[in-house]
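In the two complexes that follow, chain A is the common piece, with chain B as its partner first and chain C second.
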Partner chain A sequence: MTYAGVAVSDSDVMHATDEVFELENRSTQWSEVVSVFDLSFRKIEVLKSLLAMQSLSENWDSYGSQPPSTTAIDVGCTFVIRYLLDDDPMPRIIPVSGSGIQLAWKKQDKEITLDIFPDGRLEYVKSCGDEIIEVDEQFALDWGKIRSFLDWVR
Partner chain B sequence: MSGHLQNLPEYASPPVIETVLGVQFNPLRDFQIPHFGLFWSRIREQYPSFEIQPPLGRIFEQFGQKNSRKDVFVRFEEGPPDFRCWFKDQQQTHLIQVQRDRFIVNWRKVTGDEVYPRYGQFRPRFQTEWDQFCEFLETEKIATPQVNQCEITYVNHLEGEKEFKPFGDAKRIYTLWSELPAEGFLPSPEAVRFNIRFLLPDQKGRMHVFSEPKLRSRDGKEVLQLTLTCRGTPLSSTREDILDWFDLGHEWIVRGFTQLTTNEMHQIWGRTR
Partner chain C sequence: MPPDNVQDDPTIPDDEQLWRRVFPGVVYENEQCGGGLRAQSGAFRDHRGPLSVDIGSLTTPDDVLGRGPGMRLAEFEAKVAREAGCKIQRDPLPHNPAHALIYGDGAKGSLTGRQAKAIAHRSRIIPLIS
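Our next item is the complex of A and B:
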C-alpha cells in the first residue's frame, strides 16, 4: 500500500481505488464502510461530504442529473485518503452536472479545481482571477503535482 | 433450534446492519469457471445481478498451536484463477457469495429502513440456499463439500448522533471500558479501536469481536462498527451439524453482544428480554 512519491497513470486510478476499498472487501462483510481510525477529523469531514453526495436526489440540478457516480465518489475518497496530508488545505466538495464531482481550493484570487468525471477520469484547472493558467484534461494522480498545486493555494 | 432461542436476550430495534452465515470447505477442484454461470442460471430469478470479487483467503481457527488463527491465501497450481462471485438480489439486501472453497449467505440493510430478519428466519434461508448449492454440485457430479469451518457474523452500526457523540465515547457503550480518572493526565480518547477473542467451549471455535470507527459509504455517517464473528469446525459436513454449529455461534454472539454492551445502550435498542 505504498504510494507516496509514486506517479500513477490515469488508467491506474481505478486500480488504486480498488486497493483503498479492498481491505473492507476481503472479508465476508458486504456493507461498505470506510475505515477512519487513522484519519484526522479534517479528512473525515471531507469524506463525509463526499459520501453524502450519494444521497442527492435525482434531478438535483433541475437539468436531469443523477447523483455523482459511485466511481467518482470512490476516486474522490481515494484522493482524500491517500494524497491529502492532515495540514493540507481541504477542498470544497461540489456536485457537478452529469454525475461528477468537483474538488475546489481557493485562496484569494488563486483557484484550483479538480473535476472527477463519472468514469473516474480527472481534469485539473489552475486559475488566478479570470486568467486560466493551466489545464490538464487527463490529470494523473501524481504525488509531486498534487503537492505543488496544494502549496500554491496554501 | 427453537430451544436455543428461547432464553436469549432480545431487542426491539437492535443495531444490526448485516448478518452472515457461511461455510468454508476443501477446494472443489472440479468446480470450474462455467459452473459459476451454471449455478447462477438456477438462482438468477431471485439473484439477478452478479459481481466478481477477489477471493477470500482460507481461515482456520486452530488450537494448541502457536498461531491461534491461520489465514492462508491459496493459489491452486492448476486450474482457473481463483475468484469469488457475488449473486445479488433485486433489492440488494440478500447476497450469495461463492468461491471454490466458500459458500456464504449475507443479508444487509441498504436504506436503513429494512426490517432485520431474525435468526429464526435467516437460518432457514441459509439452509435452502445451501441445499440448492449441494444439489447443483450433485447434478454436476462434483464431490460433496467437506466443510472445515463455519462462520456466523453480525455487523452492528452504532450511529453517532443517536447513541454516542465522538468516536472515543467507548465507556458509554462497552461494559469492559472504564473511564479514565478525572484528575489524571490524559483526556478522553479521540478514537477507540479494539479486537478481542474468546474461546468457545471444547475447542469448537472462537468468537472475535472488533470495534472500530467507520464512515458508512451509503450516507457518509459516522458509525462505530461492532462486528462479532464466531468461527469453528462443525462435527461433520452434514447439514444438521452445520446448523447446530451456527446455533452455538448465534448464542455466543447474542449473549456476548449483551454482556459487552451497557444497559444504557440496551435501553436505546429496546431490550425486551
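Our next item is the complex of A and C:
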C-alpha cells in the first residue's frame, strides 16, 4: 500500500506505553522505527490522539459504528510523522461514524478538514465562513499541497 | 449517490429541528448562527450510508441523549439539510419513532464533505441543562 510514495504495510505495528511509544513500519521493501525522541511534544500529542482511537468501543458514536479502521489510523499517523513540521498548526481530530477519522484546522473563519476514509482515501475541504472554496475528493498526500493549506491556517 | 427511490419527505417541515448526537471532543464557536457552539463537520458524516437523526418534535433532548451517554446534542433545521442538497426520510425504529435518515450525494447515500460542512456551519450545540 502506498500513500504519496510512502509505503505503509498492513504489518505496521504501534506500541504504546504511558511514557513512550514507537511506530514500527515494516514491509518487505523497508523497515523503519520512529522513536518518540525524534518527535516534538506537539506531534506526540496528536499521535496519541490518533492511537487512542483504536481503543474506542463498538458503538462509540451511539449509532452502531465500529472504531476507526487500522488503515485510517495508519494514514493519519503517516500524515503526522511525514508531513507535519514541528511548528505547523496541529489538527483537531475526531472519529467519524463508519470507521473514519477527520482532521481539522481552523483559524478565525478559515477552516480545512481532511477526512480519512476507512480504506485510507482522503478528502479535503477548504472553507471560509459559509463559503466552500475548494473540495478534493481524491486528495493525495502531496508535500506542496499540504504546505499550502497549512500556511493558509497558520 | 443515494438510491434512486429516495424521495424527500414533504411532511417534514423546513423549520423542523433535527437532532444528532455528536462526539463531545471538538466543538467550535459558531460565527454563523448568532454565537454558541457548533460541532466539527465530521460529526455529520457516516461512511456507511445516510446520516441518522431524530425529528425534534417527536422526542426530547433527554430521550435522545439518553441513548448515547457522554455525547452532546447538535441541532439544525430541516431546510439546512435540504439547501445542502440532501433528502430527508422518516425511518421510525421500534425503540425510536423519531428516527429519520438524511441522504446525501456520497457513496451509499452518505453525506459528502461539502454537505457535512454546510450543515455543521449552520448547526448549534444544545447547551447542557444540569
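For this structure, a couple of remarks:
We take it that the second predicted complex is superposed on the first by the 121 of 154 C-alpha atoms of A that agree within 3 Å, B and C clash if a C-alpha of one lies under 4 Å from a C-alpha of the other, contacts with A are read in each partner's own complex, and residues count from 1 in each chain.
Throughout what follows, a contact is a pair of C-beta atoms (placed from the backbone, for glycine too) under 8 Å apart; a residue touches a chain by one contact, two chains touch by 3 or more.
A quick note: this is a predicted structure, and the numbers were derived from the prediction, not measured.
Judged by the touch definition given at the top, the superposed model places A:Glu123 against chain C, while chain B stays out of reach. When the two structures are aligned on the shared chain, A:Tyr63 is found in touch with chain C, with no touch to chain B.
For chain A, the partner touching the most residues, choosing from chain B and chain C, is C.
After overlaying the two complexes on the shared chain, residue contacts for A:Phe37 are found with chain B alone; chain C is out of touch. In the superposition on chain A, contact of A:Gln102 is made with chain C only, not with chain B. In the overlay built on the shared chain, the residue A:Asp142 is in contact with neither chain B nor chain C. When both complexes are overlaid on chain A, the residue A:Arg92 reaches chain C alone and has no touch with chain B.
The touching residues of chain C, counted against chain A in their complex, run 21, 23, 25-26, 28, 31-32, 40-43, 45-49, 52, 67-69, 71, 110, 112-114, 117-118, 121-122. Residues 17-18, 20, 22, 53-54, 56-57, 86, 95, 97, 104, 106, 108-109, 151, 153, 155, 167, 191, 193, 212-223, 225, 227 of chain B are the ones that touch chain A when the two sit in their complex. Per the touch definition, chain A reaches chain C in the complex via residues 60-63, 65, 92-102, 104, 106, 109, 111, 113, 115, 117-118, 123-125, 127, 129-130, 132, 135, 137. Those residues of chain A whose C-beta lies close enough to touch chain B in the complex are 22, 25-37, 44, 47-52, 54-55.
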